[in-house]
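Note that the chains take the letters A, B, C and D in the order they are written out, and that residue 1 is the start of every chain.
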Amino acid sequence: MAKRLFKELERAYGFDEVAIVPGQVTINPDMTSTKMTLGHHSFDIPVLASAMDGAVSPSFATLMHQMGGLGVLNAEGLYTRYEDPYSVLEEIISMPQAEATGYLQQVYSEPIQEHLVGERVQEIRKSGSTCAVSFTPQNTKRMSPVAVEAGADIVVVQSTVTTARHMSRSYRGLIFSELIDTLKVPVVVGNCVTYEVAQELMETGIDGILVGVGPGAACTTREVVGVGVPQVTATLECAAAREDYFRRTGRYVSVITDGGLRTGGDICKAIVSGADGVMLGTPFAQAAEAPGRGFNWGMANPHPELPRGTRIGVGTKGTLSQILYGPTSVTDGTQNFVGALKVAMGMCGAYTIRDLHKADMIIAPAIKTEGKYFQFAGA
Amino acid sequence: MAKRLFKELERAYGFDEVAIVPGQVTINPDMTSTKMTLGHHSFDIPVLASAMDGAVSPSFATLMHQMGGLGVLNAEGLYTRYEDPYSVLEEIISMPQAEATGYLQQVYSEPIQEHLVGERVQEIRKSGSTCAVSFTPQNTKRMSPVAVEAGADIVVVQSTVTTARHMSRSYRGLIFSELIDTLKVPVVVGNCVTYEVAQELMETGIDGILVGVGPGAACTTREVVGVGVPQVTATLECAAAREDYFRRTGRYVSVITDGGLRTGGDICKAIVSGADGVMLGTPFAQAAEAPGRGFNWGMANPHPELPRGTRIGVGTKGTLSQILYGPTSVTDGTQNFVGALKVAMGMCGAYTIRDLHKADMIIAPAIKTEGKYFQFAGA
Amino acid sequence: MAKRLFKELERAYGFDEVAIVPGQVTINPDMTSTKMTLGHHSFDIPVLASAMDGAVSPSFATLMHQMGGLGVLNAEGLYTRYEDPYSVLEEIISMPQAEATGYLQQVYSEPIQEHLVGERVQEIRKSGSTCAVSFTPQNTKRMSPVAVEAGADIVVVQSTVTTARHMSRSYRGLIFSELIDTLKVPVVVGNCVTYEVAQELMETGIDGILVGVGPGAACTTREVVGVGVPQVTATLECAAAREDYFRRTGRYVSVITDGGLRTGGDICKAIVSGADGVMLGTPFAQAAEAPGRGFNWGMANPHPELPRGTRIGVGTKGTLSQILYGPTSVTDGTQNFVGALKVAMGMCGAYTIRDLHKADMIIAPAIKTEGKYFQFAGA
Amino acid sequence: MAKRLFKELERAYGFDEVAIVPGQVTINPDMTSTKMTLGHHSFDIPVLASAMDGAVSPSFATLMHQMGGLGVLNAEGLYTRYEDPYSVLEEIISMPQAEATGYLQQVYSEPIQEHLVGERVQEIRKSGSTCAVSFTPQNTKRMSPVAVEAGADIVVVQSTVTTARHMSRSYRGLIFSELIDTLKVPVVVGNCVTYEVAQELMETGIDGILVGVGPGAACTTREVVGVGVPQVTATLECAAAREDYFRRTGRYVSVITDGGLRTGGDICKAIVSGADGVMLGTPFAQAAEAPGRGFNWGMANPHPELPRGTRIGVGTKGTLSQILYGPTSVTDGTQNFVGALKVAMGMCGAYTIRDLHKADMIIAPAIKTEGKYFQFAGA
């Protein structure tokens, strides 16, 4: 049996299936540096907040900057469709669940107002913050110059699956090398999950790639269309592409694992898998300062007849400061992401993020046991 | 330990254990074609409805035709045993659950009326629809000519496990090559799950094979008799047989994955596994237009003393049109099968079903996480 | 990491992790024979009932004989400790659960009465039934001749783990070759799980081996002492030993998979793994005719300070006839074991048990899905 | 896909994923010896109680000695911070759960009193017991001489992850070879999980290593920082290091698996994995004589802003004598650890712990089945 198969299948892994192996040398966490670079920009922590309207508003982007990270503003969301997005947010939040999906479809059918793109960028820049805005490939060519002219520091081009060679009837394919020549700011593109696509995207001159298609175990994209790659394997592939590209060209493209991360442990595992940074949505939508005030919902969906996201009550878990830096009394890994990262770096003897890339990782499924008494080594 | 074993065991995979890898090139979903052929017949969508009395009535078969697919009528079910099958259906549906199995055994013990076989075929043909009818191997030789004479376009010969070389005391083995010479319409045979059996069946001259024995994870055939192969592996084997047979003979036999599919994602995975089409029962029994009106039950069971199916309340989920084409508000993949297929094709850069055969697939078990917040890439 | 390990670990498999692959030729179930031999004895069905007091009484052994199988009487249980075991059974059954373990310890501390061993054997023989009795290794040398003299046809020597070279301070090791010379009836020995031990036991001249140590997934022996091998792998190893021994000596020793079987599917899988027969306890304790009347409990435990069994309410599921031959209305595989076996044999084109040894098997974990709609191939 | 990955991942295993294979020879459990040595000290049973304040008080350490094992006193806990630790224990135990974490943080912020270190050691020594005390690396250099001067027999140096080459700004790295020269008593160091670190630690001259980082399946260290290695693999690695080191130097360093053990079966598996002894916390905190009286909590946490432990109600399960030696009426493996070990040794034909190192082990996941009827071989 199984002698002749139509194709071979390789095993892929997600965060819940791996664990980091402590190193041969350990260091004190206070000796570690968590710096990340994106093009010529440098950040104290390798953490981005996703371009989701429930997570990142202009003021949340400013707060992320003050905390050392980067909040990406969705330039095709409420903030660029409405002069007053806050009253729309208010409506979304107070809507009964049964009417939420319909209401979202309605409010996102309003057109994007180009002048608001510029205004939102200026709003973020005014506070002295690094400003990153995201577009879908369809709108990037037309709208991203508006954002850059207004002062945007980083442009993110993002769709569920993005390749360097997208074919389309309805609009001339976006050519990333041309875009980069035009904008003259770092461009981050995603999402992708394979060595080949990551390589091709890097060849176009981009400064960062977003890794992640259908990453969550219960991910709707995987349920609905069957497509997806668990994040550890996806990151391992794209990081291999980055290394090969770097060896060949001397240019370092940042790999950002985007989606499916819930805990500090997940962030550490993404980096050991080769990520230079991570991007999270829901954990930031759960911040007290998030515009969604306990709710989150997907980006404007390119396939309205096939929804893969709706409004979800995610709750409020703590301040952004607690989520990133603690202190915290929860022991489930959902707070103090940076503290967790520094402890893991200490256990692996890693002074920098790139040192942490060298740590070993094993396959060790998190089988839940009934008793949860064993909460630390030595228990 | 384990140095010497009586036999080697290979690992087999089901839909829930794999995921499709996006391609190097992506295309817009509106540029894809989902056409399938069966012999000289062509269909807009690669989707068949199973020959189950709760799913396919003559009028449902007509509806499937109008939607671009194919509904197979069970020629040994209620429609050919009763002049008025609808009052029997009414009884089955309104029966208390405790009496349902007994009542089903009773109504299916009525003899098949050959004249009704012809009449049901004519009923479907009258509407201009392509007509496919299914028989068990025991009755095929005697009854299928009746159906073809009445205008049936496709004959399906189906049992739990079908081989080209069945041995029996009670009836002379059906010889498929003779059948094909007699009928002169495309013949689809199943079910099978291995390279060898698929090859032997193709050699007989059939136009399609049905793949699937005990496919569902909770499948009763596997529980009761221990026999079954998960659908991804079964399809990979039979598709390999099709390719080898095609290379050798130039004749292309369609591989149809039958059973165990629940979602659009499952359909996409079946096709990436090498299927040319898929056949589903329960998802169509859940259509508003289905004759079972929210109930489904097995085909007349060849082993009444060892039941492997009873009446099940499957509920009504939407119209056939919604199930196949949306729009839908559910995000669990159970509606808009064709939309999902076209999105997956776009993500894999596949213009046709046979292009989608070339996509990569990985092993990535769908471990359910408690939180279900991560509903799309980038969340 | 993991470069140097103290020892290598091989993967072992249980019933729930495998499935049988249908064969290249299929036959009608009514053409199959399920005969099993044990020494010079032949049985219509390859099914033994375990030597457990809640399952096999003298009259139940007779019933098993009439049904074509073999019920093994525990010669160290209630039937040989009490003139009137039925009043003790009555007490055990009516005892509140809290007092059951204590009461069992008490009633099993009564001494075995040798004259009752002979009387129970005669009781079974009187009905014309083949009589098999089981002893622990400690008592075999002394008591088994009593049983054989009274007419016992088969002697079973059974402990949790049995080897040909047991070392003990408290009694001179039982030497199987001497035992066989003395008794001159077929001897079945167990339990074992590895190629090497099976080989050594076969060399002593025994006629059958029992396979199974800590087989159940939730097995207490595995929980308490960590020892056990899943039954598919254990059977594959012992069957390999049987084949090698047979090739070398021309003598065929029957391999009987004992423990961990719940369904007809499990029985089929044991035989495809290489078993010549199967032995079940609880499924027979669930028969209407079982002496435990809905309860079951372990054999006298050699380690009273480390209990690995107590009285369990197993319920009554049907008559022995239904459990073995149906008809049945349950679809979970717990009834009509022989029907299931014959159907599986048909699907694999196996005329005999030894033909079924040649069937293929795959690794295909039974992951439970929420929806259980897909109850048969083609659904 | 997956052709090029950033790094390779090996599979690691925990207790729930393996099972011990019975041996070719079996012996009676009463012929086995469970002796363990640590430096020049010898113990009747290879079992240590963890240095947790809820598990080991001076009197509990004495009790462990009388039972043949070793209780390690936390020399940085309540007993060395308070003249009267028992009233603090009383407070911790009676505190409402909501206030427990805060109260623990408060009481553990009191300074360690060096004179109490000596007094607690004398308290244990006075009873004639072997006395082992544990320190964190930060305090070892300063405080361990105090303990040894007072009569401590064994010094344990323990942190979540310990290496021979720890780098720190805040204190000069502890050099184990110097420590050993100074103290002149056996030193046990941990925790570690890899061959390389175990080797380096052994080179320093230590007498024992503790194995285990984030071992529990639901371990908070793994959840929070993503770091951990399941115990079977960790023990297999460290035992390989011990063997290689022993072959090279002739010096035998004891490997003690610490953490994640719940049952007698787990203890047996740790030893088959190569451990010379095991260390458990919660199972001893569940003893009637434990100072935590049904509660347990972590050692003073070096990262207060990232808690990985709080007060947990673990309940009281039996006397220490029952937990170690039975008799018991539970069948879940949580009592009679030594009985279980001796039974497993018997099944593997192991006269000594080092004989049990030679037993085979397999990968056999403990998939829970619904029915739990099969409680012993032959059922």
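Of note:
Definition applied: contacts are C-beta pairs under 8 Å (C-beta built on N, C-alpha and C of every residue); 3 or more make two chains touch, one makes a residue touch a chain.
From a predicted model like this one, the values you see are computed outputs, not experimental measurements.
Placing every chain at the mean of its C-alpha atoms, the farthest one from subunit C is found to be A.
Although subunit B and subunit C share one sequence, what matters here is the overlap of their interface residues, and that overlap falls short of half of the numbers used.
Chains compared, subunit C against subunit D: the Cα-based superposition rotates one onto the other by 90 degrees, nearest 5.
As a whole-number value, the distance joining the C-alpha centres of subunit A and subunit D reads 40 Å. Our note on geometry: subunit A versus subunit C, Cα centroid distance of 56 Å, whole angstroms. For subunit B, residues touching at least two other chains, in rising order: 1-2, 10-13, 21, 194, 233, 360, 362.
Residue ranges of subunit C in contact with subunit B, taken from their complex: 10-13, 15, 18-31, 194-195, 232-233, 235-237, 239-241, 243-244, 263-269, 272-274, 325-333, 336, 339-341, 343-344, 347-349, 357, 360-364, 366-369, 371-379. Across the complex, subunit B meets subunit C through its residues 1-7, 9-14, 16-17, 50-52, 101, 158, 160-163, 165-170, 190-194, 196-197, 200, 210, 212-230, 233, 258-260, 262, 279, 281-282, 296, 298-299, 301, 303-310, 312, 314.
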